[in-house]
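Order as written gives the chain letters A, B, C, D and E; numbering starts at 1 within each chain.
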Amino acid sequence: MYETFLYNPQTGFNTERLDREQIRQALSDHASVLWIDLKTIDDEEIDILTEVFNLHPLTIEDFIMANARPKIENFKDYIFLVMFSIQSFEKEKGRVNKDERDFCLGKNFLVTAHNDSEKAFATNKERIRKQSPIIKNGVDFLLYSLLDSLVDSYFPIIDEFDNMVDAMNDELFRDPSNDTLKKIYTLKNEIMHLRRTIGPQADVMSIVGRGDLPYISPANSVYFRNIYDNLVRLNDIVGTSRDIITGAMEAYVSIVSNRLNDIMKTLTVIATIMMPLTLIASIYGMNFKHMPELESKMGYPLVITIMLSLSILMLYYFKKRKWL
Amino acid sequence: MYETFLYNPQTGFNTERLDREQIRQALSDHASVLWIDLKTIDDEEIDILTEVFNLHPLTIEDFIMANARPKIENFKDYIFLVMFSIQSFEKEKGRVNKDERDFCLGKNFLVTAHNDSEKAFATNKERIRKQSPIIKNGVDFLLYSLLDSLVDSYFPIIDEFDNMVDAMNDELFRDPSNDTLKKIYTLKNEIMHLRRTIGPQADVMSIVGRGDLPYISPANSVYFRNIYDNLVRLNDIVGTSRDIITGAMEAYVSIVSNRLNDIMKTLTVIATIMMPLTLIASIYGMNFKHMPELESKMGYPLVITIMLSLSILMLYYFKKRKWL
Amino acid sequence: MYETFLYNPQTGFNTERLDREQIRQALSDHASVLWIDLKTIDDEEIDILTEVFNLHPLTIEDFIMANARPKIENFKDYIFLVMFSIQSFEKEKGRVNKDERDFCLGKNFLVTAHNDSEKAFATNKERIRKQSPIIKNGVDFLLYSLLDSLVDSYFPIIDEFDNMVDAMNDELFRDPSNDTLKKIYTLKNEIMHLRRTIGPQADVMSIVGRGDLPYISPANSVYFRNIYDNLVRLNDIVGTSRDIITGAMEAYVSIVSNRLNDIMKTLTVIATIMMPLTLIASIYGMNFKHMPELESKMGYPLVITIMLSLSILMLYYFKKRKWL
Amino acid sequence: MYETFLYNPQTGFNTERLDREQIRQALSDHASVLWIDLKTIDDEEIDILTEVFNLHPLTIEDFIMANARPKIENFKDYIFLVMFSIQSFEKEKGRVNKDERDFCLGKNFLVTAHNDSEKAFATNKERIRKQSPIIKNGVDFLLYSLLDSLVDSYFPIIDEFDNMVDAMNDELFRDPSNDTLKKIYTLKNEIMHLRRTIGPQADVMSIVGRGDLPYISPANSVYFRNIYDNLVRLNDIVGTSRDIITGAMEAYVSIVSNRLNDIMKTLTVIATIMMPLTLIASIYGMNFKHMPELESKMGYPLVITIMLSLSILMLYYFKKRKWL
Amino acid sequence: MYETFLYNPQTGFNTERLDREQIRQALSDHASVLWIDLKTIDDEEIDILTEVFNLHPLTIEDFIMANARPKIENFKDYIFLVMFSIQSFEKEKGRVNKDERDFCLGKNFLVTAHNDSEKAFATNKERIRKQSPIIKNGVDFLLYSLLDSLVDSYFPIIDEFDNMVDAMNDELFRDPSNDTLKKIYTLKNEIMHLRRTIGPQADVMSIVGRGDLPYISPANSVYFRNIYDNLVRLNDIVGTSRDIITGAMEAYVSIVSNRLNDIMKTLTVIATIMMPLTLIASIYGMNFKHMPELESKMGYPLVITIMLSLSILMLYYFKKRKWL
């Protein structure tokens, strides 16, 4: 299944679905701007790509198969681009959901393909149906407007992500638990996925923005540099988050060790106070026949007084050493 | 709202606010040097930028929207620069407050924009009002003097920052606490922000200082290289701080572990001395009918003597092992 | 021992083993496409490589000796390539089993060599025996199809590897043991070996895909870029795994420390509750003559009540401090 | 205050202080080689630099102000170099004391400036006063000989530094303390300062050694490459030290943890032996009326024997587990 | 002291020691291939290098003084190379013993120098004395054969090193001790030295293998690329070892922490079982007049039964929590 959007300076907008022959006619008119969005890639679509658009077998393969990396390839009659949008965000698994978007830009046509048939490019299509000028300015400007809305889809997710890093940051020094560590660890892996998604796309846009590619007019290359700037900015934000998270992971070990110190101080204080007292009590629990203190009337209160004094002395000592 | 500063070799200084038509006239005279500082960017200013200065829509957008990264863009009729000053320093949040400053340098004009309408460029404006030669030397020298005072604003903040690192460094080995760790962590994140602010600006200045840009005379490019040198120097100082902080974070774990060792030594010494003594006392607390020692007159003092000797022996042993 | 596969537009397919003289004849016909696969390299093969193919002594040496790194070398009459396939995976030792494959591509011939005489290129040979067009498209396309199936051999192993990383990841926070650490450590070393195998091969394919090498037609270079893309993708997956594993190793220390904290809390709670109670019991175990409490009828139940209250109070305190 | 050293093939050596007019004359004779060393930079010196040597305002500024980084700048009539010598070494603070040395090399003159007015270049001046040929070979060879003695000043300090690293290395496994950690930490920061001092100077010398700068004859550029080699060698030594120190810091945590394990083993052994014995003693200290063992004549010696056997058994067990 | 090896197509081999004048004659005949190996560098040798070979003073200095880094320098009449062989391996100190080898390659001569006068190049000399063709193929092939045997000297040492890493790897999870850590630490420093020795030599060989140097025939440059390949391979092996060692150091901390957890579990189990039992015994050791349980005949066996049940219950609990 596919949709077509045709603009011709003479005949104007045509957003109805063109058949194979109509596409061939539209392509032959160099003034036309044709966008064909492939919702599924079945035999019919493959036939059109092969026979009408004359795409290289490897391009057809790229359209059909999933790609894992952004790329740009320069063929004789067209440029082929693989880019990715982020649709949603699986918090539990710590994976960013990427959606591949393929673009094939020729002299007067743009072929696009994607997985999520309904949502992808929905607003762009709506705008064209309302006769927006984005298709009038040529097929390269159309590509720009599609890529621009694609990159815009990153910002809310990066923002949400940034909030999670801030929340983690607050939790780290206030109340760190095993769960905090898991959050840090998951965030770290998420960041890694984001970087690996955004970075190579910036590389691709940097090539497109250089302005020496065919089918992209030098005047419009500044728009692609603008997308490149946005991607570099996203990369910067994600890079900052990564550095914070890496620091948080290092700090966590120290925080946990600090806590252990506190626990051990408690134990040591308890043991240091209780053990000598118990020893004293045990000594006077011995059954020696001749222990003069035991006979004395003041023996018991004296020992209790000594015990109390000893405890107070030790507490004071630990207070001074800041263990309490 | 905007301010204008005009210098013309024939008519001299004019620091009164020019209207749209006067700006157009000033621009048409190639001997003029015109600086227009946009305090706000409303419809009037956008109209002037579009109609009078003929700026590209993306440049207008860059003027209006916040940019997150320094950049330089080379348009047909002008160069567009985004730089950042540091105004203040939020110690609690660990964030450096950056202020964007946009510069648009043409043949005989300089357009600047910023957020903090009053303070930005205040001293520079004052000097021009006092007929300083900084505007006489051409629009590129004017840009240099604005950038120079912008970069100068970094030094006091970097110095304050350096002092904080030194203070942390002293605290680290003298009296490290959980709070010290938090300081290290916060300083680390601050440093990261500073590096991400300074580094790319140095890159931009390196491009400007190369001397092959239009509207910047080769003779003046040495001044921009001077700004570049200052930014590299700042980057060096911040890099040194980062290395110190990173080392401090690593050292902290070891320091905390050393403390734990000390705590555990205390506990072990206490337990090792007290437990055998308590065992001895417990043994003579047993109720066996036939325990010859209990009958002996010397039993009690002997046991106490043994206990004391044992303690002294153990203390001596721990002293020798340097646990005390 | 060697096998030969000859295709000639006039005489068609010949998959029978050619002798020395027949090979010489095949080479002299520029329309022929000859593939010779060396199963062993003995005197006969060395003689053919030297005398018939005129290979450089160092190339012969490379064919005979094991190479540890992928490489490409450009000789006057041929290109020499060393690539590696992964055959199996030794889980215990944490080593990836690489198999060297040597390729020598000339104007109309391809010489290949490898260790595992039977399995290597088995499917490719089968296809040629069934008169597949992969040999018809020229000797460079034949090289592509061999390299393509070589790189395809990586994917199942990388997938298996990915599953091991995921399993480790689950185990890490659920039930980490010394064995988990060993798994992480072994996986880390495996990843390292994989990266060192895949990365340099991508570099080699990037050179081949540039399209400026002799004996590789510019039209076919896009196929080698396709292999390059696959290798970069593999490198990406392995790089992601490495980052996860590195993070896992860092997280492990913290997880173990967290556990230690839990253990120490248990010990401290036990000691803090038991020691004071034992002290109280020891006090009333003293043998002083004059201890009024001992005479009282309510003495014993009162002490027991105090002990119980003290325990409950302490448990409540530890509950509040979240130590229980 | 300044000193001048003039050599002229005809008039020979003149090491007396020339005044402004004499300097101007010396410069006008292209066969002369003039070295002027500025001990202080006051109005008189600034006037000479500006009026006689025609230096750029930024160069004058660089002479007056402290520079933090080595640099080379290529002006129309001269090359300006900032280099650093190390004079001494503050062990306590962990800072290397750098001394800035500025060089301004023209067609037939060399201007130098520094802070430590007496010691800097003292031996070089002495050699010239003794009519050493270092000034005869031209102004570029003079620059080389000054830089060479400057770089030579690094070696004794680097050696001393290396000894400190070796000493730390020995201490690390023999008797590590909190003080050892502080040494490691301080050495690490020192190394960082050294690297930041040496590295950029090597970069500067690499530029000078390329042999395409004006005022440096291609035949002499090999001497500057020699200085470059020395700086790279210094950088290597310092880099090795840094790697050792970084490893030492990582190892320290493990060493401290190992010690903690030893301490805890001691505690566990003590507790495991003492606690059951104390329990046994406590059991026979119970006041039950009917405890048949208490009546038996063999009760007491039997219990003591059991206690001893238990201790020996446990000691044997811990010995076997290598805890003792 | 020096040895000379002369080959001339007409006069054949001459391995006798030539004097100054004979060397001069040999050099003047362009068909000759002369190798002079300096065993010591005294006045006689310096005189020959200066007067007969016309070497630059800096080259003479490089011959006399120890160099710390491999390098290649291109002089007008010759190429000067510094390379290093590894002779032996000091396990205790963790230092690799490098031996400098200097090579000076001219049009028809090769000058070599080294420290270990007897062993260096011994086999090569032997082969020439047996009239091996290695000197017939020209002075560049002679250089190759010397470098090749130099690089071959690395392999046994790297192999031994690899075995040490494997042994450490086995020990790490089986029975890690403080000594294991010391081994890891020492191996890490050794690896560092090896990398710093091998890496820069690969860089030097990469320059020589490029084939654009004078005195090295393009046809022979493939041999130097072969040496480069060997060095890169060595670097790879060492790099792999480094990564394993780095991972081992990180893993060690976790292993030690795991052990600490085990120790603490033992202590906690002992304390948790013994303390309540001791408390019970202490309670029935109290001397209250009115403790009904003490009178009961079943008191004692009941308490012992309770104690046993409690122990079993706790052991079961710890078993379930996998602490035992």
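Quick note on the criterion: a contact is a pair of C-beta atoms (placed from the backbone, for glycine too) under 8 Å apart; a residue touches a chain by one contact, two chains touch by 3 or more.
This structure is a prediction, so every number in the text was calculated from the model and none was measured.
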{"item": "Path length in steps (a step moves to a chain that is touched) from chain C to chain E", "value": "1"}
{"item": "Number of steps on the shortest touching-chain route linking chain B and chain C", "value": "2"}
{"item": "Mean-CA-position distance for chain C and chain A (Å)", "value": "25"}
{"item": "Averaged-CA centre spacing for the pair chain E and chain B, given as whole angstrom", "value": "41"}
{"item": "Residue list for chain C, restricted to those that touch at least two other chains", "value": "250, 253, 257, 260, 264, 267, 271, 275, 278, 282, 285-287, 291"}
{"item": "Topology of the chain contact graph, where touching chains are joined (line, ring, star, complete, other)", "value": "ring"}
{"item": "Chains in cyclic order, anchored at chain A, direction fixed by chain B", "value": "A, B, D, E, C"}
{"item": "Chain A to chain C touching residues, read off their complex", "value": "56, 58, 68-69, 71, 73, 75, 178, 181-182, 184-185, 188-189, 192-193, 196, 249-250, 252-253, 256-257, 259-260, 263-264, 266-267, 270-271, 274-275, 277-278, 281-282, 284-287, 291, 293-297, 299-300, 303-304, 307"}
{"item": "Touch list for chain B against partner chain D, complex", "value": "172-173, 222-223, 225-226, 229, 232-233, 236-237, 239-240, 243-244, 247-248, 250-251, 253-255, 257-258, 260-261, 264-265, 267-268, 271-272, 275-276, 278-279, 282-283, 285-291"}
